[in-house]
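Input: a single structure, listed below in structure tokens.
Chain IDs A, B, C and D follow the sequence of writing; residue 1 opens each chain.
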Amino acid sequence: MRSPRTTRVLAGVLASALALSACGGAGETGGGGNRSADSAPGVTDDTVVIGTHQPLTGPAAPGYSKISAGARAVYSYLNDAGGINGRRIEYKVEDDAYNPTKTVEVVKKLVLEEQVFAIVGGLGTPTHSKVVEYLNGEGVPDLLVSSGALMWDDPRKSPTTFGYQVDYTREGKIQGKFVKDNFAGKKVAYLYQNDDVGRDTQAGLDRFLTDEVVAREGYDPANTDVNPQLSKFQQAGAEVVVCECIPAFTALSLLAAAKIGYKPQFVLSSIGADPATLKGLVEQFAKQAGADVPGEALLAGVIGTSYLPGPNLTDDPWSTFFREIHDRYAPSEPFTDTMVYGMVQAFTFAQALKAAGRDLTRQKLLDAMTTTSFDGPGLTPFGFSADSHSGYTGAQVIRINADATVTVIQPPHVTDRGDGPVEPHTEERPSPDEVVLTGS
Amino acid sequence: MNTIWHLVLNGISSGAVYAALGLSLVIIYRATRVVNFAQPALALISAYLAYATTKATGSYWLGFAVALLAGTLLGVLVERLLIRRVSRRSELSSIIVTLGLLLVLQAVAGMIWSNEPHAFGYAFDFRGRFSATDLFAVSAVLVTAAGVLLLFKFTPLGLRMRAAAFRPEVAKMLGVRVGLMLTAGWGLAALVGSLAGMLAIPPFISPNVLDKVFVFALTAAVLGGLDNPVGTIVGGFALGIGLSCISGLVGPELVPLAALAVLVLVLAVRPSGLFGRTIARRV
Amino acid sequence: MTSTNTSRPGVAEAPASGGLDRPRTRVVPPLLVHLLAALVALAAVVALTLLTDPFTNLRIATVGYYLVAVAGLALLTGFNGQVSLGHGAFMFIGAYTVALLVLHVPAFPLWADLLLAAVTSGVAGLLAGAAAARLHGPYLAGATLALAVGLPAVTQRFPELLEGSNGLSFTVNSTPDALVGVVPPTRWQAWVVWVAVLLALVVLANLARGRLGRTLRAVRDDEVAASLAGVHVGRTKVLAFLVSAVCGGLAGGLQAFLLGTAAPGSFTPALSLSLLAALVLGGLGSLWGALWGALALVYFQVWTEDFSDLLHLPTNVADNLPLALYGVVLVVVILLFPHGVQGGLHHLRLRLLASRSPRRGVTDRVTDADDPRSEGEA
Amino acid sequence: MPLRDRHAETSPTNAHFSSAVEMRPMTSDSSDTLLAVRGVTVRFGGLVALHDVELTIRPRTVVGVIGPNGAGKTTLFNVVCGFVRPDSGTLHWRGQRLRRHRPHQLAKLGISRTMQALGLFAGLTVLENVMTGANRHAGSGTVAALLGTAGSARDERDLRERALAVLEELDVADVRDALPGSLPYGVQKRVALARALVAEPDLLLLDEPASGLSSAEMDELVGRLRWLRESTTVVLVEHHMDLVMRVCDEIVVLNFGEVIATGTPERVRADPLVLDAYLGNAADGEERAGA
């Protein structure tokens, strides 16, 4: 029934479409190099504007929404003390709800509309990975990404991106060696988040653990029922469960094990081993668990890794330093590892900003990232150099006590992403008094 | 075999929750032909109130009572203030209004109690393959469901509620206060929904905690037939057990896909759910 | 965009007078009219992008792809009365199609990628429509919600190809070499998006204003009567699903092109629900409503976030304020302006006409327009 | 008793005497018969809605199907329209057997129907309602409509003109831009009739065309039905004996799903069985017309 006219119109549409095809392949990379980084948008005589994207709402907000609160407290502290090189830091936080589409939108907003000088601590692998290419293309410093993915360390492809966390593989290696050394001959199970966190951590663990591993089970962050996984571990007779989980799933796993009367040794990744948060989540259930399990026993004895001076390292001067800032600038928020995570991040950025000097450009900030020796607040050094943008290079191993304090059971060790050994890190860190950022 | 048994036990208690929340949707759908997307938010707010009460007094059961009471009250208020104005309009209007309410209430919860998770206790000891808490959940849901059915079938109030829902004009002529009955229906539904929330939320409460549960509860209700309480209860338990088995045997990431597949398969054969009545063709 | 307000009585009908004794003149094909209107709209968009900064250009492009998504939904839900809570699933399909093509078949030109995104999504829409054609009201709503929740889980099943929950990231090269450095990238992107959007809208306007649009609405109002009038009800419903899925796929593809991402976290049920909310805010039953809805989707959030920043509230309140305001607006609009922005504008215009020529009895029609219209089955 | 004999003729045992309507000239089924219903039985669960019903419709006639409430009149229409599948029996349209036909195919076959509940499209204007009924005349396909070709525009103009013509014919063209819900019931009924007529059907099935009309409107309807007979064939289901007696060439009386009488109005009027059926249903208030 198609009229000749219809055919003609169809032909016309096709022809014009073909004409458009002169544009070339959509996936072929075009010419044009990176923007010059030797500029300084967002910088005035007395301010520097920086931005970040964080999940303040939505399903990922629990656990992460307080990082920017910690960072903000540190910036307020620094600004009250006169700023860095005479400049106040203006900290713009955009909520991306952990939705990659929104991440791209808000980051472009920060860069194009807010004219930020740098992006600091953008959170999340699925989210931040979508803006790395853009930020590098625009020459925007993309510092201290809040994720342990390996991809931030790629100086050739992404010269302006720098990691922050100890990456998942390094951490896996440290955990793997620790388990191998301290739980020789015991059966091990992995509970992993079914994304790059799980994949990269297992790569590290597997360098030391092979035949010991009797079960590997993934969990999906959208599915809070982990009873099936823990049941399988119990049936496989696993005595050590390495849990590469975010805090909520660490807590869920502890409770699921308690539910089925399964008592393995838990070994937690740093991302899910925040004692203060975990205590808040599980202590009530420990109380409920009755007589045969002493109070708070759910958490007691759990082993984890950490690389920051968390709230529980009470004899660490940095921990005290941050607690003081917290008490003054964010007293209403709980003082947790999450908070310290944001605080150390902000402090580290301030160190780089200080080192970049008064005559600030983006290139100078990037140079400062690789030349500054960031001794402290972190427990291990960063891997920053001309050919590495890797964040923290190691971690210590802690045991959580019944009262949610922690005992360091293995001092900080460092390693690399490859075949390198896991070695103790011995250098002393300076105290907060010795790192002077403000004033002239 | 052992594994499957464990998975089934595990699924029964989550199924109880889907059944209860699904039942609350069905009660409202029968009464006002509205699918209440705000139901998880009503349950959320009442659970947060329970959380606050328990924290202040130390008594779980006082919090439990507050949740049920607050839930009922919220349901009544929502019907009086919002639904009454839109229920005679299109289906879409009520969907959007309840969605809007969902957003507002979740945001309010986040404003008051923050978006961070808080520990939220179980009613009884949670330990054991089929713990006291699981037993409580299942029996509470079954008792509630039975109560709702008996109320509808055998009490004058239930009769009036049904009359108001299905033949409002006739009911009005017979002296039934139709508006009051619809309000009562919402109150009852929100009560059941709050119970579901109290059972579903532990161990942690945060503003989005009931989102997934709600999707599965709606799936269960659609599976069972939206105007059929018994079908929804059966659908809820079946879905709980089925999804637990899929999570344990195939992979946890397949759970949402499996729910979709089951729904498509069932609706392809029976467009009004397993136990739903097919709407007679009007000619 | 052209006036497609065919569901309203009277005033919007272009040749309202004339009737039977109008001489048989040559008809102007709707295609021509709509293409001309699209050209005018494109000129306006280009002018707007020239006047605004790069980031606003990006927002203009964002409005564009949301517009085509909401317009597709308008056809399905507004015109045809099938309430879909899972429209985001089609955007998901479109976005991943473009992403995979850009990554694995880089030689394909952009228009081919977008076309394939629309086609792939259309096939999915055909399947979904065939399954949904027998479902009514809340059963359809429940099934489509399950679609929105379930489909993105596919990425977990094929982590090698689809990169699991992290999703795919890529850069789409679209600026012709001659324009590199001349036209800012976001401006060029906005142009590309709007060309595609307007082409899609031309087709949608052809459909909405013609016999098919009338058929869709007839099926919405009364399936039995429609079938007696010779309308194949099932096929019509599937057609509505197909067209709206094509639009959804195109929107997803444009989003992927614009933002260089395709990740499951972008296609949550919240996206589907906000598309539906935007449609209702803008006004059902008219493609203009989709425009207002898309604008609201993009700008409402911006304004509320700016607003909550201004107030210096505690973080818990400030973080949640935009969400709360969005919810309040949804409720208020439904309660006070049940026909959305477009309904309000229409009302206003009729009022103005009525005050200008009181004899025409337009006031009656104003009440007509306010009659609650039946959606889906009575 | 002739009536009993005739009734016996329709029973399955005598099915080969298929000439059910006595009046009908004894010609073969195909040449002079528009629609033939043969031995149709419909059961809903245990209830027999139609039992072995025979009906023959010749061109250019007005046939009335009457009977008390629940006699199976609308079910008969629904069988013809394909909404209800008969448990046994056949339908022939112009001599062709209709097998598993669906409602939407009727328009193409040349059969239109109005509904008791009108079924006007509430969101469409009167003109659009009627244009929907004219779809049968649209020549261009879906693709052309999507592309908005000149062909589809010509179609659209054609449909519009056809619709307007019918609206004028029924004196409702002045409300063409109104939504049906805002119109008086009588006008709505005319719009529904217009929607059925615009398809230019060979057979028009009217379900209760007179219900809810004033006596003036009823007179108008009678005139219109007579006028319709000039160009088409009408079958109407009706309670109003008065109307039926005035306009029908032929009447079929149903009771409890069975044809109890057929023939001219005069014959049916005189049939004691019919009287019985109606008096037996004394509650039937619609019968006030006092035939």
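Definition applied: a residue touches a chain if its C-beta (ideal position, glycine included) is under 8 Å from a C-beta of that chain, and two chains touch if they have at least 3 such contacts.
Everything numeric here is computed off the predicted structure, so don't read it as measured data.
Should one ask which of B-C and A-B has more C-beta pairs in contact, the pair is B-C. Overall, the chain located most centrally, as judged by its C-alpha mean against the mean of all protein C-alpha atoms, is C. On a Cα centroid basis, the chain most remote from chain A in this structure is D. With centres taken as mean Cα positions, chain C sits 32 Å from chain B.
In this assembly, the C-alpha centroid of chain A lies 37 Å from the C-alpha centroid of chain B.
Mean C-alpha position of chain A lies 74 Å from that of chain D. Inter-chain centre distance (chain B to chain D, centres taken as mean C-alpha positions): 48 Å. Multi-chain contact residues of chain C, defined as those touching 2 or more other chains: 31, 156, 224, 319-320, 323, 373-374. Contacts with at least two other chains are made by residues 81, 83, 115, 147, 149-150 of chain D.
Residue positions 9, 56-58, 61, 65, 194, 220 of chain A are each in touch with at least two other chains. If you check the complex, the residues on chain C that touch chain D are 6-7, 9-10, 13, 16, 19-20, 27-34, 202-203, 205-207, 210-212, 214-215, 217-218, 220-222, 224-233, 239, 285, 364-365, 367-368, 371, 373-374. Considering their complex, residues 31, 53-56, 58, 62, 98, 101-113, 115, 156, 159, 164-167, 169-177, 180-181, 186, 255, 257, 259-261, 263, 265-266, 268, 270, 305, 314-315, 319-320, 322-323 of chain C touch chain A. Those residues of chain C whose C-beta lies close enough to touch chain B in the complex are 77, 83, 85, 131, 134-139, 141-143, 145-147, 149-154, 156-157, 224, 269, 273, 276-277, 280, 284, 316-317, 319-321, 323-324, 326-331, 334-335, 338, 372-378.
Residue ranges of chain D in contact with chain C, taken from their complex: 81, 83, 102-108, 112-113, 115, 118-125, 128-129, 131-133, 135-136, 138, 142, 145-150, 152-157, 159, 161, 164-165, 168, 173, 177-179, 181-182, 195-196, 199.
Residue ranges on chain A touching chain B, taken from their complex, read 56-59, 61-63, 65-66, 194, 218-220, 222-225, 227-229, 231-232, 235, 248, 251-252, 255, 258-261, 280-285, 288-290.
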